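Shared between the two complexes below is chain A, which has chain B as its partner in the first and chain C in the second.
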Partner chain A sequence: MDDRSFNNQRIHGMSDVVFECVLAYIHDSRDRQSISLVCRRLCELEAQTRKHVTIALCYTTTPKQLLRRFPFIESLKLKGKPRAAMYNLIPEDWGGFATPWVEELSKSFSCLKALHFRRMIVKDEDLELLARDRGHVLQVLKLDKCSGFSTDGLLHICSSCRNLKVLFLEESQVIEKDGGWLHELAMNNTQLEALNFYMTDLSQVSFNDLELIAKRCKSLVSVKIGDCEILDLVGFFRAAVSLEEFSGGCFNKQSEEYASLAYPPRLCRLGLNYMSTNEMPIVYPFASRLKKLDLLYALLDTEDHCVLLQRCPNLEVLEARNVIGDRGLEVLARSCKKMKRLRIERGADEQELEDEEGVVSQRGLTAIAQGCLDLEYIAVYVSDITNAALESMGMNLKNLCDFRMVLLDKEEVITDLPLDNGIRSLLSGCNKLRRFALYLRPGGLTDVGLTYIGQHSQNIRWMLLGYLGESDSGLLGFSRGCPSLQKLEVRGCCFSEKALAMAVLQLRSLRYLWVQGYRGSKTGFDLLTMARPFWNIEIIPPRKVNCGDGREMEHPAHILAYYSLAGPRTDFPPSVIPLASITQ
Partner chain B sequence: MSPPNGTPPEKSKFLQTCNRLSLFLKEKGKIRDLNFGINAKFDATGTGLFDSVRSLKSPNPNSTCQSATVDLLSSIGEKVEEKPVDVVIPQYVILDSSSCELENKVEAKSSTAQMTIFYQGQVLVLDDVPAGRARDLMLMAKNGVETAKPKPPPVVDVSRSTKAPIKEDVQQAKDSDLPIARRASLHKFLAKRKDRASVRAPYQSPGGSSSGNEEHSFDLNL
Partner chain C sequence: MSGIELNHSRPTKKIFHRPQSFRDIQGWISKMNPELVKTVIESGKKPLCPAHYTPTVSLSMPETTPLTIFYNGIVNVYQVSPRQAETVIKFAYGKETPTSPSHNKLQTLNQGKQDVDESCSDLPIARKRSLQRFLKKRKGRVNIGAPY
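This part shows the complex of A and B:
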């Protein structure tokens, strides 16, 4: 990169110092991309002032290419495995190795302070290298749903990174050898603001270390831990005076013992695991302060949800299982007018394990649509649905950016299918939608409905289509629209290889495609219709997977296709097979 | 090696077609035009489709990949003279009349590669396929399509031609085993909850009693 000090060039009559100043205020990556296309000098300036880069798939480029383009980044987010990995659909050894990135980052990226790996394979050696070469400057390390490392790697990080503000390990699969890493963190760090090992199996951590961290780190704002008895955390809660967010822990003792527990005064984001009806009252003293509530891993029934939510008028984010029921959603709609994000996950399938009222249907959705007008994100597993409920959402939820709905397969008969008209109303009403997922069943959406989706999704960038449409013509109709669609996931649909390939060619913004379940062609070569330069096509062949209980499940083949500047992968495991890619 | 037991009828038809066409080709003694209708640049000197596949390390014979390695080739005929290719960048193969010289141009290098065949939604992975045999197979497959039905128009109007079989496939999709996948974190929690409920109250209905009144505590810090 050329030095900036001597060349006081002019761009369109203005000194580039002007542009440097202006660029400092422009953060959106799309705006910066546009700027970088104006002229070479602006491209250079923009590259020199770029602070953060997100690489949506680590195989789309190489570390060296990143270095050439953006040498001064302070923050990098890298994603590896397809999103389906979060549903146990992708082989563990699929790829997404952090090693080549860590090597280059440690060597050449002198300004890097924040690193976020999501769904990648990270090794202890990578963490050791990072700690050694970047330990003194690293402020943020997020190993988000990663695997491949142990607490030894964490030990290196915690010993060397004394300026670490954020250590995030949520849902990573960590091999646990001991709790020494947390002790090192407690001894060495006074800057910590956020600590997260939620949903990991790290259990050998000492609550004394947690307490020490709370005492020494005055800025500690967010702590999310694994299963640690809540009563052991009394000292921790007393010390963590700045704490605003807490999740994790569990309740193993008699309910009465929890009654006198005191929580930090600013606590407003909460997730208490294994909390049941009798322990719920401990939340009441500060329920009115709560902005975020995570009940995904609580042991509450529908009535409990109703009682609790009534006390949370300031709630903005709620995550719960569908045990909340339509009745709980009605209470939410009445009581929580500030709701922004709502996620209703699927509970246990066996009826005895969840409340019999624990189903969500058009009744609850309609209530939400009419009551929570500020809603920006909704993800919901429903047992029944109607077009009217979707129309209501389209009419009322004008701020909705992210809509995800899955129709569960328990009920044989659904009240009102197909959902063509409802989906059309939803999409044309919610014109800020950026992300959209619809997972139904055969008969849930016709080819006409699928074409509607294409026609009414101007701004949508990511879509998941599950069991939609009736035939290839639906997909082809769909792909004539969706002008902004960058990432498409398709599961369980009946489309042929040829139609998929042609759809890819028609979707003008598409840069990433994932498909599981499709109709193979007679020759097997129809997929190659979409072959073109820089477009990698990979297959994960059908395989048998052990799903516990000694059962084996047949997983159908996947197609993964994406644009890449790096050519085909060089690190394929046996479970992934490339189709040829054409390079120029 | 004979095909695995329970080979579906479509597979054996495919095998028969391969056999027949291989014999036909050998009689004719000529490589014919093979056009996949791909809109892209080709390099006529490579046999790239399979090179890229070959560039993988050879698969673990004990891999969990369900498709068995089926040797379709032993019944096809004598081995074609092996013409290995050492190509770094994957390229597409185009087989037209000019590529009769293909086999002369190509130097002797490592001989066999892995081949992957997609057929009716199933994938076959074949080890150690020589380049010449791979070419033969491609030709057989192409010619099989041509003899079976007229060449489809460049823009396929799929709705009209495939309406009938679609209904069957939709039916298949209903029966096919692609259950709604559960998020890993919830899956783990629900399993833990089941264990916890059965340990704490083995004789009560799960979720029935409140968890606070149990006599013994259950330490989840396993």
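This part shows the complex of A and C:
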């Protein structure tokens, strides 16, 4: 193993130069990780040539450690809050502060061009610092589901980062003071390729600025905006000749006024927010060109989905609410043979607000399984399910990498529970699965079924288990398998602290655990069975949360545990409590 | 001597103070022999944690402390939360078991098997923030009579 090589000498008979050339072609981080373990010289070479790093949880390491290991990275992705934050389950002040990272990145990472913060708290001061020290080189800035900053921070970025190609703010909670930032962007930038402030509440932006950006940025390919009347964007659409992707806007006027609306000629990825039946025909002229369709925020019923999807034979990505219904999925299966990614979200619970046909069940899933054989990703909220539907998916969807299914709780009686056999068939058939989420109800999967999951998930790296199993023995059976499982989320399963701790010790690849809803021990000390070096354990105690409509909801405790090279956090808010690691 | 005496002999780390619920308990302590109380508190000052680790906080929370009941010549000691102690006291007084809401900023993590099981299986399916936002907006549009 020890190469005893000096600088610029030979490793195993080959000069450094050879390895440097070869390394330039190796991009996968797992391959690079393997290479860096061969010998010290290769570790150094690999570190010097690493271009991108993703830190899945910002508390697992420190900025200084990153600098020591990978000083020349050009692109960094950092994630903060647990994924559950997207479902309003995590306190807003939980953490994931960008400040210490921005300080080090601005000072020391001379090659950094692309930065992506996901679910983190970013301040205006951070953006100002970034703009001042990195403004001239920054090409990509993504503030993805972030919070803590205002349009003042954006103003700094847009004034200083003249080479910005990508500005992504999707779903961030931005305090809006004015629309000046977009105006600065329009004035200063000719390089922009992607602009995204989708699902933010930024409404003071001017469509004139959007039009100016379209005119000046010849490479503008993707634009996703907030709520802005579509008719005000006629000029923008006319100017954005290279545009391939557009989402956002809304249809507030009378349908006839949209008849002459012309979308850009290369548009093939489209989000139709607040579009209703009468406006649908404007899409028909180019529907056959569509590769991606986002109907999550459209105002269409089941029949509308059927009519529209029939005209989209080249569709590869579809996002819709369950108003699409089984009938819509049957049309999709018949008409859209190139489907790769399908996401069916949960619509309104109140019957009056959604089409009564708007439910998805085993019927729709079976159709998809038999019709869309290239499917790689499926996420679906179902109202009913059978083992046979899951078996069909296991038999047919050989390219499936990501499977997520939630069984809604409206129907009292489900056709075919438990799903033990169906899940086993699905997992053994779809052997390329990397991500898996199953959210059922008590009785949905027995302990045997949970053990099957463990036994048939060779390559799965991330799992969400919701209301699965019956007892601790199910969890223990599960944890004897899952050889590749790195990240585990558990909700509503009522496993005991002791079983959770023992499962953690058995899951050999596990580096991150999140649990909400579990059976606590008398003393609470059973969790410490999993105490070990470098393993941080944190608790978010039970709390009452304001639901926004006058109601208060009781949120049970969370456990969050993860490997870290940085020791315990030093920035705990009152809502999070640490259990100190035994190395402290 | 009979009657219920409350004995806070081994105080755990009190991170979260709950004055309202302790009012009754403190009332009882003040009627006890102060020397006895002092002796018991002094004898209770032993670390609870094993030497090889020091958790920052006890998961059993400050809530579970011993409740010593002297009754009819028999002494019994129970580990209870202040809420449970309150229940016992009120029951002894002949009042109904209270269903008083907790005023704690932080509630007991381990409320008792039944409570925890219920809270386990009672979690509603959480909705994604983006969808929630849209459904709320859509309701608003319907309410103002927007064409749809």
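Heads up, the rule we're going with is that the second predicted complex is superposed on the first by the 577 of 584 C-alpha atoms of A that agree within 3 Å, B and C clash if a C-alpha of one lies under 4 Å from a C-alpha of the other, contacts with A are read in each partner's own complex, and residues count from 1 in each chain.
Keep in mind that, in the parts below, a contact is a pair of C-beta atoms (placed from the backbone, for glycine too) under 8 Å apart; a residue touches a chain by one contact, two chains touch by 3 or more.
Nothing here was measured: the structure is a model prediction, and the numbers come from that model.
Engineer: Between chain B and chain C, positioned on chain A by superposition, is the outcome a clash or a fit?
Structural biologist: These partners clash in the superposed model.
Engineer: Check the contacts made with chain A and report whether chain B or chain C touches more of its residues.
Structural biologist: B
Engineer: By the touch definition at the top of the document, which applies to A:Ser110: first (chain B), second (chain C), both, or neither?
Structural biologist: neither
Engineer: Is A:Leu353 touching anything from chain B or chain C once the two structures are fitted on A? First, second, both or neither.
Structural biologist: both
Engineer: Of the partners chain B and chain C, which touch A:Ser260 in the superposed model: first, second, both, neither?
Structural biologist: In the superposition, A:Ser260 touches no partner, neither chain B nor chain C.
Engineer: Find the residues of chain A that appear in the contact set with chain B and again in the contact set with chain C.
Structural biologist: In chain A, residues 84, 86-89, 171, 199, 252, 254-255, 274, 276, 296-297, 299, 321, 345-348, 353, 406, 408-409, 439, 442, 466-467, 491-494, 516-525, 527-528, 531, 539, 541-543, 554, 556-557, 577-580, 582, 584 are touched by chain B and also by chain C.
Engineer: Touching chain C in the complex: which residues of chain A?
Structural biologist: 84, 86-89, 171, 199, 252, 254-255, 274, 276, 296-297, 299, 321, 345-348, 353, 406, 408-409, 439, 442, 466-467, 491-494, 516-525, 527-528, 531, 539, 541-543, 554, 556-557, 577-580, 582, 584
Engineer: Applying the document's contact rule, which stretches of chain A touch chain B when the two form their complex?
Structural biologist: My answer: residues 84, 86-89, 171, 199, 203-204, 227-229, 250-256, 273-274, 276-279, 296-297, 299, 301, 321, 345-348, 352-355, 406, 408-409, 439, 441-442, 447, 466-467, 470-473, 476, 491-494, 496-499, 502, 516-525, 527-529, 531-533, 539, 541-545, 553-554, 556-557, 567-568, 572, 574-575, 577-584.
Engineer: Report the residues of chain C in contact with chain A in the complex, numbered from low to high.
Structural biologist: Listed in rising order, the residues are 52-61, 79, 106-107, 109-110, 113, 116-117, 119-121, 123-135, 138-139, 141-142, 146-148.
Engineer: Of all residues in chain B, which touch chain A in the complex?
Structural biologist: 36-41, 48-49, 51-53, 56-57, 59-60, 63-67, 89-92, 116-123, 125, 141-142, 144-145, 156, 158-159, 162-163, 166, 169-170, 173-174, 176-190, 193-194, 196-197, 205-207, 210-213, 217-222
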